[in-house]
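I've put the structures underneath this note.
In what comes next, chain A is part of two complexes: it sits with chain B in the first one and with chain C in the second one.
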Partner chain A sequence: MPNGHAYDFSPLRRTEISQSQSRPSLSYWQDAWIRLKANTRALISLYLLIGLLIFTLFGPLLWNIDPAAQDLDQISRPPGEDRRALIVPEYSPWTGSASDLEVGSGQGLRLIGEATTQSIRLGWDPTDTVTGYRVYRNIYPIGQERAYGIPRAEFFDSRIVNFEDRLDLKEGIYYFTVVPMKGKEQLLDLTETLAVEVKRVTTVREANQKGLIGLTEELGVGDFIDLAFHPLGTDYLGRDMLARLMAGARVSLFIGIGAPLFFVTFGILFGATAGFLGGKTDQVMMRFADFIVALPFLLFMILFKIAFGIGPGESGIGPMLVALVVLMWPATARLVRGQILQIREQGYISASQLLGGKTLYLILRHMLPNTLGVVLVTLTFAIPSAIFTEAFLSFIGMGVAPPTPSWGSMSNEGIKTMLTTPHELIFPAVLISVTVLAFNLLGDGLRDALDARMRNQE
Partner chain B sequence: MAIAAFITKRLIQGVFTVWFIATATFFAMHNVPGDPLLNERAMTEAIRANVEAKYGLDKPLGTQYLIYLSNLTRGDFGISFTQENRQVNDIIREHFPVSAILGVLAVLFAAVGGILWGALTALYRNRIPDYLIMFFVILGISVPSFVIAALGQLVIVNMNSALGITLFPVAGWGTLGHMLVPSMVLGLGTMAYLTRLMRSSMLEIVSSDYVRTAKAKGLPPARIFAKHQLRNAILPVITVLGPAIAAITTGGFVVELVFAIPGLGRYFVQAVQQLDYTVIMGTTVFYGAFLVFMVIFVDVLYGLIDPRVRMS
Partner chain C sequence: MAESDQISTDDSYASEAGRQLAFYAVFAILLLGIVIYGLSFVVKLTGGGASGKAVDFENNSITISVAYDPPQLDSMRATDASSFLVLAHVLEGLISNDEDNNLAPGVAERWEIREDGAIFWLRDDAMWSDGKSVTAHDFEFAWKRVVDPKTASEYAFLLFPVRNAEAITEGQMPVSSLGVTAVSDRELRVEFERPTPYFEKLVAFVTYFPAREDFVNSTDGRYASSADTMLYNGPYTVDEWVLGASMRWSKNPYYWNDNKGFLDEINVAYITTDVNAKLNLFKDGQITDTALSASMLPEAMERRWQIDRLMDGTVFFMEFNHRDGRLTNNRNFRRALQLAQDPAELVYKVLKEAAYVPADSLFPSWVRGAEDFLHNEYPPHRSETDIALAREHLELARDELGLTEFPPIVILTGDSSMGLLTAEYYQELYKRNLGLEIRIDAQIFKQRLAKMTSGDFDIVMAGWGPDYDDALTFGDLFSSWNLNNRGRYSSSEMDAQVRIAQAELDPVKRAAAFGEIQRLVHDDVVIIPMYERGVAFVVDPQLVGFRRRSVGPEVDYNYVQLTPLRKP
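On to the complex of A and B.
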């Protein structure tokens, strides 16, 4: 035998290893987890979403404020603003006596006493030639266009020369204008305008009612006190933004995660049945799914909402969930069916059948677990679209009913005051965007990790 | 399958879908709690019977449904409940053109932008321009349309006050200046999707055999890019134009609301909020038919361009 040696034919010694495994064997999910961990963006998104869930679930335990409670002292307040208030005595009615007014001193339109959020007292000089006065209030300076603001009072007696304003006062500068009248006609040449700077005040009784004073604290007139703390400010009804954002997160995430869970489950069952049974049944079932896909999605969401209506005291979350499930399942069903059709032809299915595996065993043990990766990716991408849908519907007023907060309805309310108090729009809008962004990035990462065929081309 | 048979089949499906939309709308509206005469004062039994007879509300549900269907086939959507003596047909005729102009501009903006940006990212793959564009794409996909609309308005306001002149009007309709920003806002989300699609479709083609052949033949890169890559990469983008048109149509609801544009979308949302039944039914069926046939149109277009679609 050429080039042959005797030892080529001798048995191997026991110590020699004929085969070796260079790496430990990994299951599909272990492999996927390693891939996902290597993807920084997806991992950050995952942590972000976990943080968001904690914020939603446990936040209300720490920040125990009723999201529907109104703080009328602080309306549309951005976060981090000064919230000190002076304590003043209880309000006592004002008659506008002659000594108070210093009648005849010739000072014109003037402030009597101090201007506070409790009351603003004005006095002016009587003019004999007129028949009465109108008092206007504006929050902007009076310009050439003579926009005096809201009419506050009308007197048909030239001797009445005082006015007390207590309507919905906030700290800041108000511009009061007194317009003398002759009959019904305004004498615009004789108008006087006064800028009044209003201080924020409260009384001991009010502070006690709102629980602002500690048990041991002794506060009296002239002391300063901090009004209720709102870390993210308040909305246009004086409701705490942080509490509303947390409550709104529950609604938005419940719909955003709950609906996809339901319709993906239904889609798996439907698609797996169709794919496995095949033939005529499959055709009929998929025709039905195709039909649902062809329906204009948002129009039907709106129709659904109208048809079910929202009774008094209901939040409208239930109908929205049902509508989402009814309209969104076919995509998953199609996907799972396609997967099942592929897997059905695989060798390991035949092998399992040969070994005596029954139909149900085949589906549960071999087919469904092998579609799980694709399904998980679909689920991750379905969540942002469900959150979007909820936000869209709430934005056009077809979503959850007030006072139940959701990020969409909060944005809808915030957009009206966008130019003056942007924080009411910014917070919910940023939360929606960040959540959707995180789910999208996580979905990309999961797709790369779980499904080689759908892998994003880098 | 012959192209005529393909089109016929799709059209029959479309008509069936529209019929279902009309039926679902009718019964959904019928299911709404309350009735349109509930708020009228001085409603005695006799008056009520008269009014119901006038509007045909005293007939059995089946008959009402048949009347509704026969009116629909004649293209008659009825009269608005809240805006007196205004026909739903008139509302659609007056306000749909506005929405259509806005939508066409938005689709154009989205398609041109998406194809260009997508091609650019593929060209500069894994370099700075690619990362930069893809960052904005992810943002565009993740930010809801009403936030983009609000931001767009904020930008206009600040720009106008900084320049001291009204470069673009903040809201309203009429001139090209009114149309530009809303249509850009409306098309932005779709543009982001198209960019992403175009990028992956371009990347697939870059490594294809015919591009290698073209390179081997010594064709200039610009010619390869325009003639071989771009043309083939655009194909898959056309398939999503149907859903994109749907997204832009419904997105128009929000943009028209925010920018105070007198389009049909704003009327639809208002009708929904005021429960103006006939307007809701009319506009829903109209929008539904529009969307269904747009999708069919795009499908047929794609079938004409790419014969493989018809074959399957």
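On to the complex of A and C.
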């Protein structure tokens, strides 16, 4: 290979070097926001969370229903059921007198009066040769199997020939069967079955109590009225699910956002101090943090509950908040300390120091902003875990006191009737899942958006 | 070109890694399968008869489940439903219950109850499971052991009608002074402390069951702690008892009564309190019977099961704390709470349990008076809801107590869903109707009992089940000396009536005393009755003679026989 010659080179033509920027100048936050906007999942999560906050804070203003009020006429109603009801007179006890029963009329098993959700009154003809009767109720027609349904009453006296059923009556068709008995246990085959169609009813007093009748309206017995509206149905005590979900969200989000804010702030201060000071101080402080990590959460939760003098039936939210703050900060502290240790050795810190930067300026201008990404991410991940903790503690009965709802305690109550009325479990469970997922996705997006090293990769 | 090469290598790396991952996944799933299969095999080995069917005609056996392990099978110390259940099948007292729940001869052939005592004549053919005969001495020994302060039996109070029993438990008299003597092997004499007309009903109870002295002494204080440290004289014997897992009872060859104990074997294969698990076991044909809660009834109807029911005898009520300084010591306050509620609403709309009945009285509806049911002879005061009157009483109470604002009231309740549901219902009810703030104190059973005993409550949700088949088991509950009177209610009027009920021999006067007690409980608002508990249950239709009882064992298989279903 020959050496290069002078003719191999030619002088470069003189040109104007452009100093203009190809892209507009962006601050750290502007850039992060642009990248967050590009992340659809994170953006949807963000809107979901804003929606949730509105639901929690402004929802109760629009849907102004007491979450503890019990509507015993509409217990465990799924959403969107028919709620028209007939107004009937006030209930009065029934003795089943002979004139009501028309004894000896030979009509067999018969309905007396009207069958309503208030009560169903039955009468039948006495049979002398038996020792008593059993009355059954079924929601299915009676077949060959002699499966008469729920035993509703038992009379060891052949003269008692009437029965009033008031147990949990819903509109629809019931099949009543009267089975005569011999001795105390033996059921005879001489059964009679009657299909009864039940109407949904209410009374003027109850309608007034619930504010269903307007001031100018004149409603009386025989008129129809719409029962109270529950958009998401009711729970096992007839309480409005929507109102309870909104009230529950307040507890869940208070713990979910309040506790992480406190412990992350403390963690930052603790970690930054330890990392910046370094040396022995750092060692001592971080060993203390390790000690805190080793403390069992549930035990301390109970201890705080006692130490706070929280009596029976009072809310355990205070001690829960304290326990979370006291025991959860070391994770953030460790993370921040690691970051600070790293940043302390960076060239730009030395440069800034050489240029005369003071300690406070160094921390505020260079160190903390560089840890912010990490901190925000921890915060968004801490929130769902705190919501879960609250849900779990309320689920096992350590959290809110009744009648205050929280999503966790609502799930706990809903799971008992999961098979018959699933909506009582599904609504709070879906809300917990969606909230936690949204926070997680947002945290994911924030991590990508705030990481300065990923800045120039697009 | 070079670039695309680069990418393809990356791809091959990726697919290689994917293959490896897939291999590991398959391997892990296989391993998991083996582990699960292995574990289930091990469970089968340790789980006793868990694999059997509910009804087995070939071996003439059935498979059942109980709620929990008995703490021990010592009849003299048993206090819980599980122990009572097992003991009712493996031991027999002087008197037992027949199929229709009437008293029937047990070890005693005949007996005589007099004003001052009782005599029991024992049968010759009653034998222990080692072939020796059951003698009067076995009863004398067992009863003395019950009242011995060293035994510290919680149910010793059931023997208090026997002379000196109470003094002996308090350590004031020697054990030998108990008023019971075995005159011979076949004759047992009992002296009473006071006339006890209902003594024969007491004798049928577990605490009065026999035990043989030489055997109990030979077990070194471990009597009845396992299957082989116990002797049996009932229709069945416990063959095998794996704590927390299973039990097996088999027919006792030495048992005298041919009309009891027809099965060769009863497997207690499942020990669980989970009603849903039991329902699933029943659906799968693994156990012979199960109780049904309200939410299970629609499914039971859909499956066309023959649902049965029984009032289990227990009455539930809100008991007030009558100690000085408690708000609930004020009668007007209690009256306000009484008037502002309706047990029918609680039972029919909130609890929705098919076999529950709203209660109006301390005495459940099945309790008998002199001739008829007590409720027919002395009709209880029906509950009358009157909120305006309730508010008036509340104002009276406010004036009497000199309060401007009522402090929060604490309702102590169990941690079961039923207890919480009831408490939450009353919490809102009293807030709506009377403006009172109620706090709910939900505690596990032991803690609740401790708080009830120490008086750390305003109102407690309590229940009382019968120990023997007589109105007195409820009637003496609110006498000032009864330790189960947790609210410490005390009135001379009540005490006087209880004394009449305890000692009176004339059934009519006795029933009148119970009627008076019932009235006092209502008028003085000692308690607010809520409901009488019942149970809805299903039984495999191939079992004939299955019984649930309100007094004694809650489930009774002693009379069960297997009969194949008739083909329709």
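Keep in mind that, in the parts below, the second predicted complex is superposed on the first by the 336 of 458 C-alpha atoms of A that agree within 3 Å, B and C clash if a C-alpha of one lies under 4 Å from a C-alpha of the other, contacts with A are read in each partner's own complex, and residues count from 1 in each chain.
Basically, a residue touches a chain if its C-beta (ideal position, glycine included) is under 8 Å from a C-beta of that chain, and two chains touch if they have at least 3 such contacts.
Bear in mind the structure is a predicted one, so any value in this text is a computation, not a measurement.
Within the superposed three-chain model, A:146 lies in touch with chain C and out of touch with chain B [touch as defined at top]. In the superposition on chain A, contact of A:440 is made with chain B only, not with chain C.
With both structures placed on the common chain, the touch criterion links A:388 to chain B but leaves chain C unconnected. Contact with both chain B and chain C is seen for A:419 once the two complexes are overlaid on the shared chain. Of the two partner chains placed by the overlay, only chain B lies in contact with A:396; chain C stays clear of it.
For the contact definition in use here, the residues of chain A common to its chain B contact set and its chain C contact set are 311, 397, 419. Of all residues in chain A, only 68-70, 72, 75, 93, 136, 138-140, 143-152, 154, 166-168, 183-185, 236-237, 311-314, 397, 401-403, 416-417, 419-420 touch chain C in the complex they form. Put simply, chain B touches chain A in their complex at residues 13-14, 17, 20-21, 24-25, 27-29, 31-33, 126, 138-139, 141-147, 150, 153-154, 157, 200, 203-204, 246, 250, 253-254, 257-258, 269, 272-273, 275, 280, 284, 287-288, 291-292, 295. The residues of chain C lying in touch with chain A in their complex are 100-101, 294-295, 297-299, 301-302, 304-309, 344-345, 347-350, 352, 354-355, 382, 408, 410-412, 415, 417, 420-421, 423-425, 427-429, 431-432, 438-443, 536, 568.
Listing the residues of chain A that touch chain B in their complex gives 291, 294-300, 302-304, 306-309, 311, 384, 388, 391-392, 395-398, 408, 411-412, 415, 418-419, 422, 425, 429, 432-434, 436-437, 440-441, 456-458.
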